[in-house]
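What follows is chain A paired twice: with chain B in the first complex and chain C in the second.
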Partner chain A sequence: MEKRLGGQTVVLHNNPKIISRASIVGRKESQGPLAEYFDEVMPDNLWGEDSWEKTECRMLKEVCEKAIINANKQVTDINYMFAGDLLNQIMTANFAARQLGIPFFGLFGACSTMTEALSLGSIMVDGGYANNVLCATSSHFCTAERQFRYPLEQGTQRAPTGQWTVTGAGAVIVSNKGDGPSVTHITTGKVIDYGIKDVNNMGAAMAPAAAETIKTHFQDTGRGPQDYDLIVTGDLGKFGRELTIDLLAKEGYDISSRYIDCGCEIYSEDQNVQSGGSGCGCSAVVFTGFILKKMEDGEINRVLIGSTGALLSTTSTQQGESIPGIVHLVAIEKKEG
Partner chain B sequence: MDAIKQKQDQEYQQYVYKKMPKSNLFKNCMLAFLVGGAICTVGQIVLNIGKNYYNMNQERAAIFTSIVMIFLGAVLTGIGVYDDIGKIGGAGSIVPITGFSNSIVSPAMEFKREGYVLGVGAKMFVVAGPVLVYGIGTSVLIGLIYHFFIK
Partner chain C sequence: MEKRLGGQTVVLHNNPKIISRASIVGRKESQGPLAEYFDEVMPDNLWGEDSWEKTECRMLKEVCEKAIINANKQVTDINYMFAGDLLNQIMTANFAARQLGIPFFGLFGACSTMTEALSLGSIMVDGGYANNVLCATSSHFCTAERQFRYPLEQGTQRAPTGQWTVTGAGAVIVSNKGDGPSVTHITTGKVIDYGIKDVNNMGAAMAPAAAETIKTHFQDTGRGPQDYDLIVTGDLGKFGRELTIDLLAKEGYDISSRYIDCGCEIYSEDQNVQSGGSGCGCSAVVFTGFILKKMEDGEINRVLIGSTGALLSTTSTQQGESIPGIVHLVAIEKKEG
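Moving on, here comes the complex of A and B:
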């Protein structure tokens, strides 16, 4: 059977399944519209640790343990862990992996890490090289602010297109046996850059990557928007979502009726988050908490999800570089039997 | 090929710029005026207290006011209020001397976990540093001009 479709898509014939999921969020996320879907809420931003970095690390470790427990597995049953985060040298993922002791591939895909990890984990299971794989990611508002923006206590105003980094971690276990929706197709994104330089407008920087990759997915698979119950992007925010709809409409695909962006879903209007949520944790918790739950309940059966990453660093921004974007798409389907 | 890509980029950037939600300039200016004005009013009150109750001359009272305002800015930053004022006031809370105080105290608080030397010591002026470099630099330059050409 053909495993590759078109230029960027692979088909997984052996039905790697998402057999368990877990999510942990911060307080602000627990006050949003999706509150009831998350497994655990941290009491505050520090969770009893001495630094935000330690808190984020603990979040990721605990969410991984939760996913393993939910799958009725032991840590030793997990063959590989794919994880990443936003901090320099993916500190959170490395330190969480140090505690978990699972063979580890560290990933950096900025906010696209959730589906990047899921892509690679599913391919690994589909190829027969692993029975159970852990895919996880996290972000923390305070660690991200301090690395990418200003000190927390500094009085600055946010731009209307700015976004709020989600404090949250999500993990899934992909397995060759068990119950759960199957990962069927993976479309790996290219790095796309249309020259946007405004770091307060990441949605606009990433929207072309989202549109391009979704279009490629449709072309490669011969599918269209009507084949999916839901099309999901990671953290484009309100403005980026509108741009993506427009860009795809120009290509002749109307996705507006079945398209959501995790960054728009996680917070409500009155939470003062400007364009919406962002960060690795944004698509991770919305996917593991909300979307997979909806699939379990049978409300939706076929989902195309792509976490969206802005591949900038503070150095690249200071040197005047534009912001490249990337999106990794994963098609997930609930199959009978 | 490059020309086509460049044109496509430009078109996209123009389209984004046209479509993006803009800050409400009028509202932000009004808030900056009110918040900035309120901070300056407090400063004026402090100045008058210095002059009327402590018999300071104008110069001493001005120094006294700076010290008090910097202290207030630092305290409000420390108890986590100044960033909320900043969200509303914008430029109105950045430009007065309290904003300068905020820009030094907030990184000092933030980087305490990296230690007193490489954290607080090294990062304290990460925001205010450029203001100091160019502020002092400019004053030296103007001083030289004054010394050689005007005096």
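Moving on, here comes the complex of A and C:
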């Protein structure tokens, strides 16, 4: 059977299954509307470590271990780990992989990492190159804020279009055996740039990539919004979410009735997060905590999810570059047997 | 046919082929012993751009375009681009991917990126998920030096175990049709840490990962050094190369007569590079320029190559962390037909 649909989409005919999931979040995330869905809440931002970077690494390592345990597997059963994070040289993922000792493909897709990892991991299983893979990512408000923005101690005022980096980590095990929803289609994003330069408006920077990849997925598969119970983006926030709806409406696709953005779901209005949540961990914990639980419970059966990445560094910003975005889409469906 | 050999190795039965290659280097690299093998030499470190970061990006973009042209393909024939680099948030690769417009998987494996990209790209082709993929990486002495070490203007004295970041970019096209050597085995590395903390001795930090992954490859495949005409590591340098030979000798494998390190080959002793070359571009240009040319010319037919990554960031170093390494091995063989 043909695997390439043309365009940017491949079909996975062998039904690689998401057989387990795990999520860990920080306190702020545990005070939001999705609180009940997360497996574990850290008592504070340090969790007994002596730097936020070490805390983020522990969070990622532990969420991976949880996902492995939830799958009734041993670490040695996992053939590959696909992971990345926001920190320079993805040190969180490198150090977590060092502790886990699983053959490791390090990824950088900014906040698109969860579905980038899920894309590659699912293909490895579908193709028979792996029996079980681990796909994971994390972000931490304190490590991201001091790397990309300002020292936290400075108390800088936040822009209304700004977003709040989620403290959280999520992991799944994808397997060729076992129970769980199947990964059926992978639509891999291109880097899309509409010339946005405002680092406090990443939703606008990423929305064109989200709209473009979703449109391409529909064109490649012959599907439309009605074929999914839920369409999900990673961390576009309020403004980016509206932009995505508008951009797709112009292409003739009305996704508004079945579309959520993880960044809009994770915090409530009164949590002072401006436009919503962001960070690799945002779509990771909403996906592994909330969305996969809704699939388990049979409330939704077909999901199209795309983690959304804004590609910038402090150097690129200082050099006056614009901020391109990238979005990797994965279709997940509950199938019989 | 079984694709997993157990351990960390998969076999590619469908002979994905490296159908084209391209390399661009800086002036210093063009003055070394491999000068004649590189496709293009930049006239200076800036190449008419106004920052070294822009130069590195242009170098990566142009080497990708060269590889595509050398394969007699159009950009639109390329299904996926696998690339990464050393800069924070892999901005070189992100911006090159933006200009090329190819569906993009961003990778971070430090200097292991060339064979990380080749591993994933070859699997995608072998599995029928792609017809043509682009695998590429780059580094630039000036961007790496100012990000990881000191301002160049400072003229800091270099340690004897230190290495010189190669200014260069390399790219290959892997395809399911066409002529070229086949990628036959992929042995994916784990993150290995022997506790080295000296940022001026990355060879020692990476050598254990090199030895470990090569040993695993031999165990998984039942092969030994004698099954390869050439065994290649990325950028261990003089000291790391010797360590790797020693570590493997202790495991009963004598690779010394057929083993080269790209970091030891690219510069001559009188070029003032201490222990040798390093950077993603080091193995990328020696592989695409020199090694693949030797295969084309029939001088060597079976190569085992592993780009070697030292996983550190300025933050991890400041926080007193040790430097783990990772090495991804790829076996490449000339086959008939």
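Everything below uses one rule, namely that the second predicted complex is superposed on the first by the 337 of 337 C-alpha atoms of A that agree within 3 Å, B and C clash if a C-alpha of one lies under 4 Å from a C-alpha of the other, contacts with A are read in each partner's own complex, and residues count from 1 in each chain.
Everything that follows uses one rule, which is that a residue touches a chain if its C-beta (ideal position, glycine included) is under 8 Å from a C-beta of that chain, and two chains touch if they have at least 3 such contacts.
Treat the numbers as computed from the prediction; the structure is a model and nothing was measured.
**Student:** Would you mind checking which one, chain B or chain C, touches more residues on chain A?
**Tutor:** C
**Student:** Which holds for A:215: it touches chain B only (first), chain C only (second), both, or neither?
**Tutor:** Touch partners of A:215: none, neither chain B nor chain C.
**Student:** Touching A:293, do we find chain B (first), chain C (second), both, or neither?
**Tutor:** neither
**Student:** I'd like to know which partner A:258 touches here: chain B for first, chain C for second, both or neither.
**Tutor:** neither
**Student:** State whether A:154 touches chain B only (first), chain C only (second), both chains, or neither.
**Tutor:** Touch status of A:154: first partner only.
**Student:** Of the two partner chains, chain B (first) and chain C (second), which one does A:51 touch, if any: first, second, both, or neither?
**Tutor:** It touches chain B and chain C both.
**Student:** Is A:80 in contact with chain B, with chain C, with both, or with neither (first, second, both, neither)?
**Tutor:** In the superposition, A:80 touches chain C alone.
**Student:** Does chain B (first) or chain C (second) touch A:223, or do both, or does neither?
**Tutor:** It touches nothing on chain B or chain C.
**Student:** So chain A touches chain B in one structure and chain C in the other; where do those two contact lists coincide?
**Tutor:** After superposing on chain A, chain A residues 51 contact both chain B and chain C.
**Student:** Hey, which residues of chain B end up touching chain A in the complex?
**Tutor:** 8-10, 12-13, 16, 19-23, 28, 77-78, 80, 82-87, 89-90, 93-94, 99, 102-103, 105-107, 109-111, 113, 127
**Student:** Would you mind writing out the residues of chain C in touch with chain A in their complex?
**Tutor:** Per the stated touch rule, the residues are 3-4, 8, 10, 51, 53-54, 79-80, 84, 86-91, 94-95, 97-98, 101-110, 116, 119-120, 123-124, 126-131, 147, 188-193, 311-316, 319, 321, 324, 326.
**Student:** Touching chain B in the complex: which residues of chain A?
**Tutor:** Against chain B, chain A makes touches at 50-51, 146, 150-161, 194-196, 201, 204, 208, 239, 242-243, 275.
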